[in-house]
Amino acid sequence: MPGRVVSMRLGDLAAVLEVRLEGDADRTIIGVATLRGANPQHLGFLSNPRYRRDLAGSAAGAVLLRDGSDCPHEFAGARLWAQDPYLAFARASRMLHPLSSVEPGVHPSAVVDVRASIDPSAAVAPHVVIGAGAVIAAGVSIGSGCHIGAGVHIGSGTRLHPRVVVYDECSIGERCILHSGAVIGADGFGLAFNGSAWEHIPQIGRVIIGNDVDVGANTTIDRGALEDTVIEDGVKLDNQIQIGHNCVIGAHTAVAGCVGIAGSTRIGANCRIGGASMISGHLEIAAGTEIAGGTAITRSIREAGVYASVFPFMPFAQWRRNAAQLRHLDELARRVRALTGDAPSQDPDE
Amino acid sequence: MPGRVVSMRLGDLAAVLEVRLEGDADRTIIGVATLRGANPQHLGFLSNPRYRRDLAGSAAGAVLLRDGSDCPHEFAGARLWAQDPYLAFARASRMLHPLSSVEPGVHPSAVVDVRASIDPSAAVAPHVVIGAGAVIAAGVSIGSGCHIGAGVHIGSGTRLHPRVVVYDECSIGERCILHSGAVIGADGFGLAFNGSAWEHIPQIGRVIIGNDVDVGANTTIDRGALEDTVIEDGVKLDNQIQIGHNCVIGAHTAVAGCVGIAGSTRIGANCRIGGASMISGHLEIAAGTEIAGGTAITRSIREAGVYASVFPFMPFAQWRRNAAQLRHLDELARRVRALTGDAPSQDPDE
Amino acid sequence: MPGRVVSMRLGDLAAVLEVRLEGDADRTIIGVATLRGANPQHLGFLSNPRYRRDLAGSAAGAVLLRDGSDCPHEFAGARLWAQDPYLAFARASRMLHPLSSVEPGVHPSAVVDVRASIDPSAAVAPHVVIGAGAVIAAGVSIGSGCHIGAGVHIGSGTRLHPRVVVYDECSIGERCILHSGAVIGADGFGLAFNGSAWEHIPQIGRVIIGNDVDVGANTTIDRGALEDTVIEDGVKLDNQIQIGHNCVIGAHTAVAGCVGIAGSTRIGANCRIGGASMISGHLEIAAGTEIAGGTAITRSIREAGVYASVFPFMPFAQWRRNAAQLRHLDELARRVRALTGDAPSQDPDE
């Protein structure tokens, strides 16, 4: 979100970023921009060679480039040579566009239980509700209309945007960011069928979120049935994700938007899960696994690697013909075997 | 959600559950737990034989087991023999972990129209808004920040967690549970194209929800265009589900997370719809149908059964090769027919 | 949503709709209905010939029919002959079921920054929060519990249903409708990996929404990373849609529920995107493209047309056999080539 804008001398910026400067160290930089949108007070970056021609015509005052690459001579600005220009750009942007600070204090319209403990440096916006026994640590910011249940703990420096709900007894670590509409700790989908109707199974676990975790807008994380649902340190969750009860998401795993992870699945550390994937329940996914967008994971992955399952898209008429044959693929394979004399496969997981 | 904890004598628990006890009837049980997490005051259960080795080493004071199965002799606790140990466990858990009761009354920060009727035993939390003509029955609990539109009826014993929105004129039955972020009765996606732009079609139907229905966090159910969208008794909806206008979901059907059901589809009673499935509009799904997770239902299902459509996931390089051939499957089938002399299939639904 | 009901003389209704009336011009019509649900004071319509038999038995006072079609003689009501009966029906419905008007003024429980500007004809419901510098134009209606960030602009006649969040600096045009739970302007998923953890990239762009745009319940639109996310005039977004940072959605494009569009994708004007589709990031989709429900678009579409990718559903046992063969399709194709002597395809996009 746009916050205050600060300006920096280019030489100072290069020093803090630990990158090599080629150009005028006294130039003033007031922000970051795309190469096309930049003006002489902006810093741009080139990470993907695909955008190289944008650099030639860019008015940017300076650009971050990869060590060892070359810069088109038409570009008039300064060069900052970095090992990882995208990462250096992220850091420059955080310095030039710091988060706006929040004013400490509890808005008079907030309804805070007398048994809650709120650090004086925390900010509680209008129409917030905070339950008995909740602990809100230093520097926390709770956006307007959030509901913080009884017994919830929120670690220092964490920011909740407006209209986040955290159910009773859940815990959120330090320096987390939760976006609007996120729901933490609703009941898992725990039901037993009695022959004519579904009966509830109380969801007595919690959601435990580590430090430096992001939760996107309208993402939901269910509380555990018996034990806790756990989101480890550094996990990044995009918008509209659903995480079922008892899941464990390993440290620094990143999950893109619209992913559904069914209950009791354990995902290892440092995984990257593409958008709109779905992962069935009671699975184990090895640390470091990458899953392409739109993939359906229906079985545990024991070995890290890149996995995919999407049906390739095509013009409708072509799809119709191919999909028709897909319904008879087993038969087709059998005919080919009859012609060639090979042995059959029968398991979709083989 | 964790509520009060109550303790029970094991003999009494067995009697209420109508299960056979083998062991010390005077043992005190204070809660349920997983076999691994249990201590001697906990009741565990074994339903899936896969977890049998957890039982041998479990410290649980008692375990629910299936009649006729065997229990490892290493297990030191009491045995409770049940026909359906999972169902008995659900019932034990509800007794040992009852929902916390809510205090009746309307919080002074709630904005309630003078023409609304609220039973004195109902609880209305802070920052709730209730419109003209709304009727809130006995024992209802409305969580903080909920919006209850004009003319809404909410049946006795129903609980709305914080930040649920119910649009005007919708009706919710008795003993329902609606989780945070659920939106009931927003306009259906009703549009007519006039050659250059989309024009609105007023959505004058309502959403009618029966008794004992659960609605998960951030699930949305649209109001009908002309007639009502209907969710029958005992339906269980998980999180992040979208139900389009004019749908009818039959009694005791359970729908897992992230499912989308397009408008005017009628789903029969006692169906089980797996997570992340999508169901097209204007279809009929037979009662008792089971749909595997991730399945795309594009045509009516007249006969109950189990249906699936997911593309099996595989390592990326293998997926790439197979997906490439899928684009030419019709041609491949044609070649094989040329070799064998068979007749073609042409319809993806055949 | 149901609003006031008005009545009209059938002759007047036909004149305003510019359709030819065959029947009693003095009949009074008080609303629209389905052919089955209609009574003699209702107007129905027949657009899809599939419902022709409903017309024969309908009690409707009048029906909209397509010019040149025929009407069963059993139908006793008046006929209104239209070029596009569905469009005429939409217009009739809007006249007969107008939106309820909102009472101007700011509810005393709303928390409005003194530096915000609110037109006296705008309506601000209870528990709304409006930040510094926000501009709320004439006739705007802000539902209960909405959060309007600092610097936000909302154009005249726009309606926000309860619990919408608009983050700082975003802009919404005129005559838009935003449904409950929509989140506009949360941070995009912008991260750089530093070798051990993810680092944030500030999202300094905004969301800019044009005129006559609809945003469904619980839909999320992320703010741009460096430039803006843009939703052009007349775009219609259903529920539970996720639009990533920097996307541009062209004018009058309609997107059905549960669609995910990853960051930096540009969709042309007048596209129709089916429900539960997913569109990868950094793509371009040609104006006028139609995408079938459940399709995964993983590559740019340069040429308008209809595209699909869904795996056809089938009984589970049949699916299992066919899916097993799909894992070996490349090998199968190779064997057939060995029999016929053709050249291979290798790219899933070819």
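Letters A, B and C mark the chains in the order given here, with residues in each chain numbered from 1 onward.
Assume a residue touches a chain if its C-beta (ideal position, glycine included) is under 8 Å from a C-beta of that chain, and two chains touch if they have at least 3 such contacts.
Just so it is clear, the model here is predicted, and its values are computed rather than measured.
Undergrad: What is the size of the turn, to the nearest 5°, that moves the C-alpha atoms of chain A onto the matching ones in chain C?
TA: The superposition gives an angle of 120 degrees.
Undergrad: Since chain B and chain C are copies that touch, is their contact same (over half of the numbers shared) or different (under half)?
TA: At the contact between chain B and chain C, which are copies of one sequence, the residues are largely different (under half shared).
Undergrad: Could you please state the distance in Å, as a whole number, between where the Cα atoms of chain B are centred and where those of chain C are centred?
TA: 26
Undergrad: Do you know which chain A residues sit against two or more other chains?
TA: Chain A, residues with two or more chain partners: 109, 127, 145, 163, 181, 218, 240, 258, 310-312, 314, 319-320, 323-324, 326-329, 332, 336, 339, 348.
Undergrad: Would you mind writing out the residues of chain A in touch with chain C in their complex?
TA: For this pair, the touching residues of chain A are 1-3, 31-34, 37, 84, 86-87, 89-91, 93-94, 97, 99, 107, 109, 125-127, 143-145, 161-163, 177, 179-181, 212, 216-218, 234, 236, 238-240, 252, 254, 256-258, 275-276, 293-294, 310-316, 319-320, 323-324, 326-330, 332-333, 336, 339-340, 342, 345-348, 350.
Undergrad: Along chain C, where are the residues that touch chain A in the complex?
TA: Going through chain C, the ones touching chain A are 109, 111, 127, 129, 145, 147, 163, 165, 167-169, 181, 183, 185-187, 189-194, 196-204, 206, 218, 220, 222-223, 226-227, 240, 242, 244, 258, 260, 262, 278, 280, 292, 295-299, 305-312, 314, 318-329, 332, 335-336, 338-339, 348-349.
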